Amino acid sequence: MSSQKAWAVVAGVGPGTGASVARRFAKQYSVALLARNPSNYEPLVKEIESAGGKAVGISTDCADGKSVKSAFEQLKKEMGGAPLAAAIYNVGGRFIRKPFLELNEEEFESGWEANGYVSLHLQAGCCLMKSSADKLFRRGGFHFSQAVLPLLLEALKGSPEHPPTLIFTSATAAMKGSALCSSFATGKFAMRALAQSLAREFGPKGVHVSHAIIDGVIDIERTKHYQFDHPDAKIKPEAIADSYWYLHTQPRTCFTNELDIRPYIEKW
Amino acid sequence: MSSQKAWAVVAGVGPGTGASVARRFAKQYSVALLARNPSNYEPLVKEIESAGGKAVGISTDCADGKSVKSAFEQLKKEMGGAPLAAAIYNVGGRFIRKPFLELNEEEFESGWEANGYVSLHLQAGCCLMKSSADKLFRRGGFHFSQAVLPLLLEALKGSPEHPPTLIFTSATAAMKGSALCSSFATGKFAMRALAQSLAREFGPKGVHVSHAIIDGVIDIERTKHYQFDHPDAKIKPEAIADSYWYLHTQPRTCFTNELDIRPYIEKW
Amino acid sequence: MSSQKAWAVVAGVGPGTGASVARRFAKQYSVALLARNPSNYEPLVKEIESAGGKAVGISTDCADGKSVKSAFEQLKKEMGGAPLAAAIYNVGGRFIRKPFLELNEEEFESGWEANGYVSLHLQAGCCLMKSSADKLFRRGGFHFSQAVLPLLLEALKGSPEHPPTLIFTSATAAMKGSALCSSFATGKFAMRALAQSLAREFGPKGVHVSHAIIDGVIDIERTKHYQFDHPDAKIKPEAIADSYWYLHTQPRTCFTNELDIRPYIEKW
Amino acid sequence: MSSQKAWAVVAGVGPGTGASVARRFAKQYSVALLARNPSNYEPLVKEIESAGGKAVGISTDCADGKSVKSAFEQLKKEMGGAPLAAAIYNVGGRFIRKPFLELNEEEFESGWEANGYVSLHLQAGCCLMKSSADKLFRRGGFHFSQAVLPLLLEALKGSPEHPPTLIFTSATAAMKGSALCSSFATGKFAMRALAQSLAREFGPKGVHVSHAIIDGVIDIERTKHYQFDHPDAKIKPEAIADSYWYLHTQPRTCFTNELDIRPYIEKW
């Protein structure tokens, strides 16, 4: 076992899943929180430090290879030789529905930065994101994976308590394309392909790669006004964090490479 | 919360997954162990009782509706009004490969009871079982589900700590048919259909139904002679038991309905 | 090429897909029509003979191995050494929805023979059939496959114009279980497993095995009262027959093992 | 029915599938052939014209929105108001295997233009393409779809003989990620997502969108040296062309949205 406290890195730390995952992993590890906007990780860094944990926030645009490279240079200094125990890619975005023929190339490749768009329940089918789905899921997943896999492989040398772990937060759109949702689905399908390919390449080396299909509305401030007939109709981000922690603790004799998560009342 | 210690029932208790699952759930619940042959559960009942747990064994042929009915009448007496917290359907069998056209109806419908057959790694493709795949998986799954679901629904009234849970032990053959493996695949596909249908019918009522795809050789006495180039190449049944326990503890806001489990070196 | 006119056999000949498939294959082959009730094939035999084709009807219960054996003994006499070019398993049934816990064993294993049941659109979720789904799909598929595969293999010796072909008519329920539909889904999942296993075992020998997922309401007399907002909302059975004929004509360098078929307006 | 001869457009015309598809559709339609390099379509244009058909070649880089726009401006002039009956997206590439951590961003995003790379059978797992998989499949598919869908919708007004059709040539890598093949799989998964999303958005309007999973080695000059133990082990591109033509002729009451195609001896 390594003599230094190991680290976990979470990319995509906002008010929901990312923050809950960071809190959960901070119980055992030092955590690095990546987000484009420091306002997304600063309160969380303070909260984790106040609770006696160790956290650093690094402003990072995962879709930009240089930004990721520079973030991990900074992170490696912070880590000072301690191992990386887990990496969670949880970068998401906000969406609007739009017919395919109304999408322009800039929207498809770069996302939509205008104000006043309407955020809709993912299940309703969405096609346009503030940042493009391809940037967020495929390209960001590529850069993040390239940055963390050498560290996760390196961690194996220290006989870690749990197998080094890389988890991708995904969605039902990774399994099924929908009308008005082409951009989101292409990004999520591509992320699933990446997760499967990496699981098959790095699993036999001892790194646990998982693809988590989150199917339902996350219970956060922004979704407070979504009304359902049943209680517990939204997924608690703390429960997702527990499931990621469970995945991380699976021994290499028993790796789960894909699981779905949905509220009991969700149709699927 | 119920004032009485709750129960878990495990069907298919042999030397591998079933026994490990029973030991794991016996840490918190009284456990009922079902198997056709008492020699399969007797040592385990003793072991659990010696460790301070409570266990009863009931000889049951899950493929036979009357046998299941009588087993649950006995079990309900044992339970004395305590709730059923979890039910695991883990009935399996032993296989041989056989070309489709050499299968006769009796083998397809009843299985093969002769001596001296060769047991092979499931992944090699297998078509014939000591008891038929249909009896074990489809019909047994039907009778067991009909017996446990009313008890799991009843348990909801007592505000249980964890949602009442029904887990099916399955295999890769539930996802993909193989040459020389028609009987095994039809049984496992049917079991997956049953698990999905029940998850969609009983999930919204609060019962958690899961289908666990176990992909690899289980590490038990019978597979001791299987040699692999890598360590930890066989699935530890204790790790499967931990995953089932994790599934059981998921809150209803976060149900996993299907997950895969395989050793890190497994090709898939 | 064989000097004698080849045969096609269609199991499950009613007013819909089966009859259309028989008519299509009768343009090139002599056809054998199997159904339990002679009233299902008699008018069709007459119709095909009047049009200059050759057809025989044989009363057969595909779920009963003896009945299938006896039907094929009769058929072989009719064929008089001519080859079997194609076999289509199209046995279906009529359904009602029923909660899982209201199903009894007899209904699950034998089907429901009472009068006055309500037939519903398959997509609405159905669980109970006049004859059990297991009998119709898994067991019937087994007996039919065992009867036709030796004939299809035999036909290879005559250098047939098209690869000998076995097609299973299936449904969306082969891919997805539904609430209140457990019996139907278990049967269809099992049929898909059988089709995949046989494709993998008999494909390399030159026999083309296909699984056709028919997703939608068939346009027949019995569904005349189903109203849709759009024209062409029901699948024309003649179009299914054309697709089966296309599958049959694929060369062995280009086998399709699974395809879906649905009307343009169908949600999926 | 339109009074003018309708058109089909094929993107990705090389020595294999694209050329065969163009020849097949040229029997009934005027055809437009798109490829980056005119040497890929010039001989085919001559061949089709000599055979009495009508063909035009347009140099196009489908990954470049401007190039696609300009190609379709030219094409619309050629068409002179005649309808577009079918569009086939068949753009592919050549690959090498490479471990994930040896991929650099330029290779991942732009492909590899160096000389002397080794082309390998797709099934062996490949990760790097002369042009990036994302450019070829996701981005190229986007631009091509945006260009052809308005024309296919427009064609509906002329009551075409067959529903206007958009077909994507895909691969097994659209269903399953592989070690050393992350870039290819992400591109193909994304293309499948696009095809599904468009099928669900444009199907109900009457446009038939299909995703064809081609699983095996295509029988072309470049694969002549691949040796197999069995005859007909490679897919004949003419047979793929026939299957695409069959898809095109399906009426809207019977759309196939996905099918697989593989040689009889292919393992899958």
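A, B, C and D are the chain letters, set down in written order, and residue numbers restart from 1 in every chain.
Following the convention adopted for this analysis, a residue touches a chain if its C-beta (ideal position, glycine included) is under 8 Å from a C-beta of that chain, and two chains touch if they have at least 3 such contacts.
These figures come from a predicted structure and were not determined experimentally.
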Chains adjacent to subunit A and to subunit C under the stated definition are B, D
Note, CA centroid farthest from subunit A's centroid sits on chain C
Whole-Å distance, C-alpha centre of subunit B to that of subunit C, is 33
Shared-interface residues of subunit C (touching two or more other chains) are 200
Among line, ring, star, complete and other, the chain touch graph is ring
Those chain pairs meeting the touch criterion are A-B, A-D, B-C, C-D
Per the touch rule, the subunit D residues reaching subunit C in their complex are 163, 200, 203-204, 206, 208, 219, 230, 232-236, 239-240, 242-243, 246, 250-268
Subunit D contacts subunit A in the complex at 65, 99-101, 103, 105, 108-109, 134, 138-139, 142-143, 145-146, 149-150, 173, 176-182, 185-202
